[in-house]
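Working notes for the structure below.
By written order: A, B, C, D, E and F. Residues from 1 in each chain.
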Amino acid sequence: MDEQVRKDYEEYEKQGRIWGNFDKEGIKKIKFERPDRRIIKELIKLDDLTCTISDVLDSMGINGAIPASYISPIIPGKKLVGPAITLRSIPERKTPTQGYLDKDFIRMATRDVYYLAEPGDVFVSDYNGDLEVSNLGGQSCTVAKSCGLIGSVCNGAVRDIPAIMKMDFPVWSCGRTPKTGKFRLAAIEINGPVTLWKVTVLPGDLIVADDSGVCVIPIDKVEQVFEKVKSILAEEANMREMIEKKVPIAELKPHYRKRYK
Amino acid sequence: MDEQVRKDYEEYEKQGRIWGNFDKEGIKKIKFERPDRRIIKELIKLDDLTCTISDVLDSMGINGAIPASYISPIIPGKKLVGPAITLRSIPERKTPTQGYLDKDFIRMATRDVYYLAEPGDVFVSDYNGDLEVSNLGGQSCTVAKSCGLIGSVCNGAVRDIPAIMKMDFPVWSCGRTPKTGKFRLAAIEINGPVTLWKVTVLPGDLIVADDSGVCVIPIDKVEQVFEKVKSILAEEANMREMIEKKVPIAELKPHYRKRYK
Amino acid sequence: MDEQVRKDYEEYEKQGRIWGNFDKEGIKKIKFERPDRRIIKELIKLDDLTCTISDVLDSMGINGAIPASYISPIIPGKKLVGPAITLRSIPERKTPTQGYLDKDFIRMATRDVYYLAEPGDVFVSDYNGDLEVSNLGGQSCTVAKSCGLIGSVCNGAVRDIPAIMKMDFPVWSCGRTPKTGKFRLAAIEINGPVTLWKVTVLPGDLIVADDSGVCVIPIDKVEQVFEKVKSILAEEANMREMIEKKVPIAELKPHYRKRYK
Amino acid sequence: MDEQVRKDYEEYEKQGRIWGNFDKEGIKKIKFERPDRRIIKELIKLDDLTCTISDVLDSMGINGAIPASYISPIIPGKKLVGPAITLRSIPERKTPTQGYLDKDFIRMATRDVYYLAEPGDVFVSDYNGDLEVSNLGGQSCTVAKSCGLIGSVCNGAVRDIPAIMKMDFPVWSCGRTPKTGKFRLAAIEINGPVTLWKVTVLPGDLIVADDSGVCVIPIDKVEQVFEKVKSILAEEANMREMIEKKVPIAELKPHYRKRYK
Amino acid sequence: MDEQVRKDYEEYEKQGRIWGNFDKEGIKKIKFERPDRRIIKELIKLDDLTCTISDVLDSMGINGAIPASYISPIIPGKKLVGPAITLRSIPERKTPTQGYLDKDFIRMATRDVYYLAEPGDVFVSDYNGDLEVSNLGGQSCTVAKSCGLIGSVCNGAVRDIPAIMKMDFPVWSCGRTPKTGKFRLAAIEINGPVTLWKVTVLPGDLIVADDSGVCVIPIDKVEQVFEKVKSILAEEANMREMIEKKVPIAELKPHYRKRYK
Amino acid sequence: MDEQVRKDYEEYEKQGRIWGNFDKEGIKKIKFERPDRRIIKELIKLDDLTCTISDVLDSMGINGAIPASYISPIIPGKKLVGPAITLRSIPERKTPTQGYLDKDFIRMATRDVYYLAEPGDVFVSDYNGDLEVSNLGGQSCTVAKSCGLIGSVCNGAVRDIPAIMKMDFPVWSCGRTPKTGKFRLAAIEINGPVTLWKVTVLPGDLIVADDSGVCVIPIDKVEQVFEKVKSILAEEANMREMIEKKVPIAELKPHYRKRYK
């Protein structure tokens, strides 16, 4: 455990934010930089965010967009913008039946992560894209919400869909299942690097999600991406207006695809 | 044909409940035990049923939960609890075009099953998880409803989605298709053992389904599962309340994961 | 370029309907026969259209139905009937990053197709069933709508899902994504033959789509299919009524499956 | 249990061919018709058998060919022609761990089938195309061989690949695995109808397999198929010779595709 | 039909190289530029060709490598280097049974392509990655070989695997099947652009294939790629020698990854 | 970095076993316990190892077997027994083209792992089961071999298949590809926990692989597994002999399935 993390850990312990079941060596970061809140507030107002951001990431040579074909929203019509806190899990070595029999301690750790989060954070859980085992369910989302988290993106499945719908808590996932992660998966690392589909996420990266999919903006690029998004959207609004007025092709053409030049 | 089934068949024939097109040797059971209706009435009131039941099945070493990643509801937000009646189908040997040409008799048998059902039953149709060929459509659901069936779970595809939506009839399936099963599949067995994804269903088993997926409770375990479900839900409600009040971790912790000990 | 196409091209150019970026050698047809509008108007009134049409195509030995398991609606509950205009695209040879760097000209061509369309047409885009790269997005749909197109079916992914929902523009696709087709795909042929899942579409074919999937009726069969659809639906309505009245099996049976004889 | 099967069962019991663990109600047939051995002997001499037979089945409107893309040989270069004996299995209700704990009786039944077989038979095992759980392994193949079986085709996985290779016993399967079927699958029916990929197999059907895949010839069509195969092969040999001599197109063309006219 | 193609067509017709069944409008090119034979001869001598070329394409921002995970060799251990001639096919509109009944003309066209080829060419066939329907079989390969073709790469399945093995003709494909393409697919374009997995191929492009997969080098880049390949291989041989001698890390390191700087 | 690891690192640095490019914080272990070599020597002599070990793991409630359906051998007929050393990689944030342009440092680390290995170790590389990007190739295997490694198992793809074949170095993988991992994946952790398909591997675990798949034996269970393997094999040899002699069922039956009681 890194010296800084150890100090943060002690501080959080005093604040009652440490559950204490998760092996502290697996916590990679507790306090870390997050993107400017002002930018987050501006971004969440915009429409078709993931597409615009995907275009900007393309222009920067960054691999950061995830199709909803692979990770899709539980509640259609939601959008989400916030910094990532991360959890990585691996399969348990015992079968679930053996785990039950041995009364093993459960090794899921969503609660442990939530208590380390800041309001406005997005929980990113990586269990390898598995479609069968749940990463989190309704009660976990209740805790998440109570800790100020605003949503979740899972590289894996989730459960308690009716509860999640009822709570109106925005979750993106690879699949849906009734099967608990208890005795099936073991949390192994908090706030380390994880993967969503084929995209890397580090804690503090800005997660943007809507019905088209999910984008991951590396924290050091958030400012630059935001500037580009603004200029694109202005141009697009202008363009849309021209289309709706049905101006002739000759007039439309110079605007069309302008940003790619 | 078993002696008991033969007698039941004659009785049902007199009652006008035998269509008579399906080879009677393929009927494995007509009358069979069903779970206690009182339990069904209690279960259907509960929320996030499949997840709670999946946990109970886990604790009993039973393989009975099916992710919505594989078999999902046509109408979101529905729940379903009822005993299974089953139908297994296999591919026709002729191509559909050849079947048409030869004016073959159609070998689907959903109607034959519905007329053998009791009110409150759930129709479980197994066609191997095929995503292309329909097991049932709107008209079949109209018949099902008229016979008192309350829903259907298909290890395969279904069609007439708009009609099913309009009827508000709860159906879970692997896929959606316009392609009829006529001249594509042949019903082979009524009320024999079938498979949903990787889970076995016997007639009389209790089917529980919602947006997270489907659970199959073997009939001889229904009582035991029900008792466990009740105790879990009481504890969970208590827990949720504590979370919402944001009581300190020290207070929450002894409750959390209690049931697994 | 065919002589007739060349003449049509010049005519459309004068009318301001040629964008002029797409290589004209790739345009296979400009003016072409479309199905009788009267039939389209009758068909769109009917329910569960794709299933009925799939049955008729089966009876004619035509391979024309596509399960919603593979190509599904972005907006549930929509239906669509109209002649196809087509676009085929292939992967760009450069990576998107290299394309950006070289400031290559974008080679998507949805706009070029829309301006060649007639009101009531359906845009059919074929990019090989790819789940990652977008064939069209919100702005493209805005143009489509302004040109009188009534919907789109993509053998590939689409983006700007929130915008498409908001516009209420009916689109069927294999997937959803934030990733643009710009610098990823190159339009190669307009109004040539394309593939949707495992079904061929020619320009002018009648596209019918709903929540069960998509059907493609070859233009020279539209009349014949329509006649058969009408007779089936009359019989089915009659049948549904009998089921709802719960008439005895003996009375139902002669009607049931009548059309297959 | 059918009267005939009961008599056959008693006869086989006296001959020491009944293991006695498998529920006799699940045995659908013991003695049944098999294709003419003379035809089998002729067919096995031929090359590229599955392709020629697939063509003949196409010409008869029969759905009987299975791509090696889905069910492929464990040992490349083998060919197999023989009548099917069948076994269908479904998932166990308990998890494997629970089954072990409860010292449940194992419910696999390959041995039970082998002892009912005739020399020259092909064992067809259906476990739903599962890629993870073994239907049979090396020891099972040793028993099969000792009973005169000549090969096996599995709609599922097999294990002990090195032993199967060493024994040089021809097996086709969907996958390979170390995981036993014991406590995972339960045999449910012997010599009933089963499915290989999307093709139905009945006991006595002629199974033909090679590196291109597997064909299933319904027993009542074997004679007819054989006659057609012979005439095709004669023509093809003739054609191949002309190609090798590079005779002009004008001379080749009338032969080419002749059989389809 | 382009003027140049028309002239070439007449010339080839006189040479007896036109089968005449394929619609001539679908032929995009007859004579076209091919890569320098000297380069081909050098390349075929090298080992692990696709990997080295994939690295060079990466360095040029070209999307040209196809994993053997998707398109793999029928005969392991083969390598192939030659210019592409291409064929694109789409699904037949009729079912195969209907096609047989109507005695339709077969619309496959591999022979038509082979007769337009030059010795040393590689046949590239695109049928959308379908795993079930054959693009070519043993007899087609016999014709190919007699026309001087040296191998084939199919975005789809092939058949007559035993014959292909016996002829020792190198073929790469997505799958293996006994099912003919006759009455299933229709050839639509010769020597137009096609797709292999997610990579575009134009006629004349250099195809390179081995057990790791397939690479497509755009014809105008062949020279440049070749120069880079040579310099990499020299360095790698040097490196391998150092590894085998186990020289210390300090000595190895400056060489390692040198080419990426 | 853990204190013990820091010390080991310094020691290995002096021995010239540290490449020095990989961030040392990502090294979780350098020296760690390995299974008894005597057991390894005994195990490698046995046949059908993965199947027998899978049975033993089943009997212990351990989830440790991986079907060859998912991770299969590059060279058929090989077997492998040795302790795991592990590497986990995640996707690069930049596209490969951008990485080249920026002349980024390569972040693969197979060499770094090999130099930390002991003779007889098995390299286990986890890149999420990706089928497109290579984890290692021929040159990497040359280094591995020179460091005494005896084989490799990849949760991902590998390349330079011809070189691997020629070296006769045993590798198991999910796929084959020409595409380098350079600029595509970044090594993130050495000798931490990784996943193979759905099974966890820790450094020092015993990896056993053959044509049926791969098994992972947790290091603390190796002794116990070995004892059970021995007793099973003795019984099986006995059984096989009885089968070959065709002793009557009555005699066979008490032996059959004995171990499961």
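The rule is short, and it goes like this: a residue touches a chain if its C-beta (ideal position, glycine included) is under 8 Å from a C-beta of that chain, and two chains touch if they have at least 3 such contacts.
Please read these numbers as outputs of a predicted model, since none were measured by experiment.
Each step here moves to a touching chain, and the least such steps from chain B to chain E number 1.
Per-chain CA centroids place chain A at a distance of 42 Å from chain E. The geometric centre of chain A is 34 Å away from that of chain B, both derived from CA atoms. Taking each chain's centre as the mean of its C-alpha atoms, chain A lies 32 Å from chain F.
The set of chain D residues touching two or more other chains comprises 61, 95-98, 101.
By the document's touch criterion, interfaces exist between A-B, A-C, A-D, A-F, B-C, B-D, B-E, C-E, C-F, D-E, D-F, E-F. Considering their complex, residues 47-48, 50-51, 53-55, 58-59, 61, 65-70, 72, 77, 79, 210-215, 236, 239-240, 243-244, 246, 248-250, 253, 256-257, 260-261 of chain D touch chain E. Interface residues of chain F facing chain C in the complex, by the touch rule stated above, are 95-98, 101.
Taken in their complex, chain B has these residues touching chain D: 2, 25, 60-64, 90-95, 97-98, 101, 128-130, 186, 188, 193-195, 198-200, 218.
Considering their complex, residues 16-20, 96-97, 100, 103, 106, 111, 115, 131-132, 134, 137-139, 142-143, 146, 157, 159-163, 165-166, 174-180, 182-183 of chain C touch chain A.
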